[in-house]
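One chain, chain A, links the two complexes that follow: it is found with chain B in the first and with chain C in the second.
On to the complex of A and B.
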């Protein structure tokens, strides 16, 4: 750190000064402070700095040398552990999530470091948090957190889907829950902006329930995937190329990202070290620094949003340095919380004061509630028998395989459950073959693995978990994290609608594979632990009624006008589509509004 | 060895354990609990500070004889054939050696220490000679007993077989021979256009 800098803020400005440093001026009042540097925080920094605001971006984790972490082109035999975790690291397995209760560190003391299930490779271990430093309690939940610059965007699955009025106005369709305070037409221009600024590949399908993006050059389906697509067409169902938040044609306005050149084991759980796949640092934060309006402070664990007791407005934040444990205060005219759905709820609940005894922005009592996500687990593995024994094919030089869109509760009403689900899937040869868990050994085992390599096709479902008030998080009265901050406590379970939907997922998955002529290898009916989708949403929902919602349609607190919560916590329902593109579009829209209001002196 | 159907391991093992109960002790009885650790001078584990790749300076997990046995076991799991080399050529035993030397999971170490001795007891019982001295068919016969009974995870020899198979598979298919020669993997290279498939029905590529 630069000795001139009392608070050690790192200020990045273009390539040359990326590592230059500057400090937080304790006397300065920033126009805006943004808590969190993932999809939402990065987008907030981008939009607000373009508007000319002086922004301070705070990230709880460190800035990793991300290319050295991801190494997506590394051959496994060039890795000391063949890509697996080093011996002093372990990740929590599905079985352990099931038989143990949070905090998951207890009983798993063999290794020095313990990670969520995602942290199961050498390429991801430093991106996800150490569970022991970040405990939580309550019901079983596979909570995946990435504390580092860019957060989970460094390793996200890249499926970039829009929501539609089937989602925004779902209550009008089936009577359940609440409608969003916006319509698709409100958000569509911002989806377009996100498409163009960040890049997305895909194929237009003209589906009313899954609107098209402005796509760059799509990847192609391989043979088994086309077979499935053609079979599904007869059933009136749609399989489309994986809509990936990846630039296939390049982005002239962004010097930090390369176009996809089809290299790398993209199916490996991990990120893209040429940044063809969107990540917040290269896609949003570095360009924001180039405006000269952004200061970045990593290792800043925010513990409270501070309040001006006279005005009742937010005045800034308190944070603790994750390494030195020193406390800091920063001041800002506007506070944006973008710490991820669950961390944002935690921060609001932590920010208790005489004025706001239930936590900040919580006069409704809804902060932490209406917590929802996607249910996962049911799926199918099949074998395209006409491909067995065929020469090896190249199948993984692309960001994803296919997306099979929702088909339930569109025109017809399903008798057993409301809302819908889609499938993500893919086929073809992988660097590490499928099917090695088969019975047996020896010459026939080896030959079967080889002959079937490339003929496998699989898919797994993602279904909407209903937003319910009874599913919520609060603060644990006893357990604290490494920095002495109260831990989050879960009160969250899948309900009957989800379990009935999961039953249907399993049945339709098998039916569709059989109809396509695939030999069924495995049908999975087990539901994965709550949290597995890493799509947690809804803990500070938007709405027009301050009694039943936390934020207005611009993600602005009903209670505190200069406080915005711009991440997935604002969602009113989870829909069944992956949330990242919607998080960023909503955030862009809200930040345009914020800048306008700030200019008018309304905040 | 009989080919009249799978051997019931739980019945058979009484015989081959009887002959050697004094050598093995109680640790090889069916276990709900993990096998107790058997102290063994030559298998002192490497310390946790061992850096990857520094195999020469660290204490080895396998004795030379055990290493040879693991080579032959892994080659029986994934043998060389006319298409490509097997586990031996891919140096899977070295991979397993490193994994066991560095693991902090002491129960896994115990499974291997016990398992390597159980394999030779089984080999003596079924073939009248050690595993390494057995023919290829005789080796297959011993592992077939374990594979056919691989659901009996309370038995230490079954646990050993499952871990042997898992590590062999992982070591082999992450090796250059496994990736390049056996699977002829074609990815991880520059690609101007992903080929894909326009219509699978006329001909499969």
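On to the complex of A and C.
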């Protein structure tokens, strides 16, 4: 590693550019500074550099040698640590999330590093943060954070779904909450751009509530999945191939990513070391660097958006180097916050000033509020008995199994809850078998595990958590992180609508498996800790009324014209679809607008 | 070797977590289990003679453990059994680091020997094969504990041991081979389900 990299200043990836190699120029005023390098920050860097703007991208974590971290093809017995965490690392279990209260580091001091539940393998430990360096307080929450170049896109689940007007105009349908200030038709062209630029696999279904993408070669369903699909068709429900943000045909315009080769390592909790699955660095940031317009600074923990007291506009950011603890100031004409829903809210609240005493962009008092996500836990495991004893097949050679789309509160109103949920699932043989907790022993037990191996099918639900003002985050008055920055405090719980929905998830899951002729092996009714879905959204919502929203339809602050918050915090509701594709589409749209406005001198 | 200094408690936490999170995360405890296999192998190599010295179970108990593991997953014409796959070493290693496992397995084995003394006047290991099968038949099915509450501790113990034995076996190299797993290889197309034309 050369000295510049050691100092956290990224060298160019691909074509060399003087600007990126020189790191940050303290005298320079960048056109835009982007805080965060995940799905949103990467997209902002991509779009703005294409528009010819000089962009500085700041990432709080390191640039990891990601292929060496992920080792997607490694057999467990070829791993010095056999996949387990090394002795100085531990991860928080479901029990600990349930019994303890944040900050979770307390009482779990036996190991040097402590990670969220995701950081439980040797492959992910360096991607997710150390909980002790990054404490938070308040109500129980499984907050999964990845501070490294690319953020959580390095390990995301890859389910890439669109939202529809069933989501954007949900209030018009059931009276709850607020409508988005945009319609599907506003965002559809940007979903198309994201599809084409990043690649997505899937099958067209023509569903009004789950619009199709422009798909590359789809994966195929295996036999138990087809059985379930056909049974669901009779009930008027749709099961479709996992819509994965994975390029199955390859991308001619991107030299950093390979097409998918169905290697079967996708199930491991980790990422894709050939980058067939989208991640922000190879999908967005390296190509943006190749324009010559992007500078990247890693290890830059932004602690404040600075304000020009004369104009009231954002003037740049203060950050602290995560390793040297040195303070830096950078100046920019526009500031884009893309630090992830909760970190972005935290940064706005941290950016208090005489001019903005409640935090930046917070004249509405809504920053940190209307915090929403997806509830998960209920699900079912079944056995397709006609597959028992069939020869072993390669069933995990694809990015995902199936997605069972929403069916509640579409044409008919459910009497017990509003909004909907979908299921993610899959079937078939895996490296490690199910069913070892069955009865019996001896030759018959051993043989049964093998005979059943490819016949299991399972699915788990993801449901909309309503955006409620009462669910919010604020700054803890006492607790600070490793860099002395006030920690986030949670005031967040699932409500009655979510619990009633979870009850329904469990019942319908079992019914659908029984209707398909599967033998029920296990039904899970347990709701996982708040935050488990890693789909947190809504803490700086968009809207047309500055009194009840933080951002306008272009994710631009109502209060501060040259401040944009381009990540999931802009969501008005969570819908039940996974958010990454919508985050990137919204960001692309907003950055087109931003470049246009900047050109006109309106910012 | 770096592996020697590793705290096994970390693995146990991982195992617990995987169990809580359900089938989707099954790969995690499995990987942890593989790791334990690796450490056992390293230790065997270090002792020279290739013998594993039990860390928790006394020699008589350890032989009982070996017998039980092999009874749960025996060798057959396709593969070795739990013993050949290193399951007893794996279980002993994890148990040596975990008081909960010590209670469950140590206590369970005492229960088993006491029950065999009552029934056959001999500890489990000294029982005739028929008697051993008879007692295992009683504790291998939870419905038996519903009929006879006196069996409940034995049933609980055996369920736990069966899961541990299976983890030890199916995460070893011979266990993965026995299963016939064909993934983790490059594949240009995924065949899917052939007989259904419209999908």
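Going forward, the second predicted complex is superposed on the first by the 576 of 603 C-alpha atoms of A that agree within 3 Å, B and C clash if a C-alpha of one lies under 4 Å from a C-alpha of the other, contacts with A are read in each partner's own complex, and residues count from 1 in each chain.
One rule holds in what follows: contacts are C-beta pairs under 8 Å (C-beta built on N, C-alpha and C of every residue); 3 or more make two chains touch, one makes a residue touch a chain.
None of these values were measured; they are calculated from a predicted model.
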Overlay on chain A: chain C relative to chain B, clash or fit: clash
Which superposed partner A:52 touches (first chain B, second chain C, both, neither): neither
First, second, both or neither for A:26, with chain B first and chain C second: neither
Which superposed partner A:381 touches (first chain B, second chain C, both, neither): second
A:434 touches, of chain B and chain C: first, second, both or neither? second
Touching partner for A:390 - first (chain B), second (chain C), both, neither: first
Partner chain in contact with A:446 - chain B first, chain C second, else both or neither: both
Chain B versus chain C as contact partner of A:95, first or second or both or neither: second
Chain A: partner with more touched residues, chain B or chain C: C
Which of chain B and chain C A:121 touches, first, second, both or neither: second
Shared contact residues on chain A - chain B and chain C: 73, 75-77, 80-84, 86-87, 110-111, 219-223, 225-226, 230, 261-265, 391-398, 429, 431-433, 436, 439-443, 445-447, 449-450, 453
In the complex with chain B, residue positions of chain A that touch it: 73, 75-77, 80-84, 86-88, 110-111, 219-227, 230, 261-265, 386-387, 390-398, 429, 431-433, 436, 439-443, 445-447, 449-450, 453
Contact set on chain A toward chain C in their complex: 73, 75-77, 79-87, 89-91, 93-95, 110-111, 117, 120-122, 219-223, 225-226, 229-230, 261-265, 267-269, 379, 381, 391-398, 429-434, 436-437, 439-443, 445-447, 449-450, 453, 456, 458, 460, 522, 524
Chain C residues within the chain A interface of the complex: 2-3, 5-7, 9-11, 13-14, 16-18, 20-28, 30-38, 71-74, 76, 81, 136, 140-142, 158-159, 162-163, 166-167, 169-171, 173, 176, 178-193, 195-196, 199
Residues on chain B engaged by chain A in the complex (per definition of touch): 48, 52-53, 76-79, 81, 83, 86, 95, 102-105, 140, 143, 147, 150, 165, 169-171, 173-176, 179, 182-201, 204-205
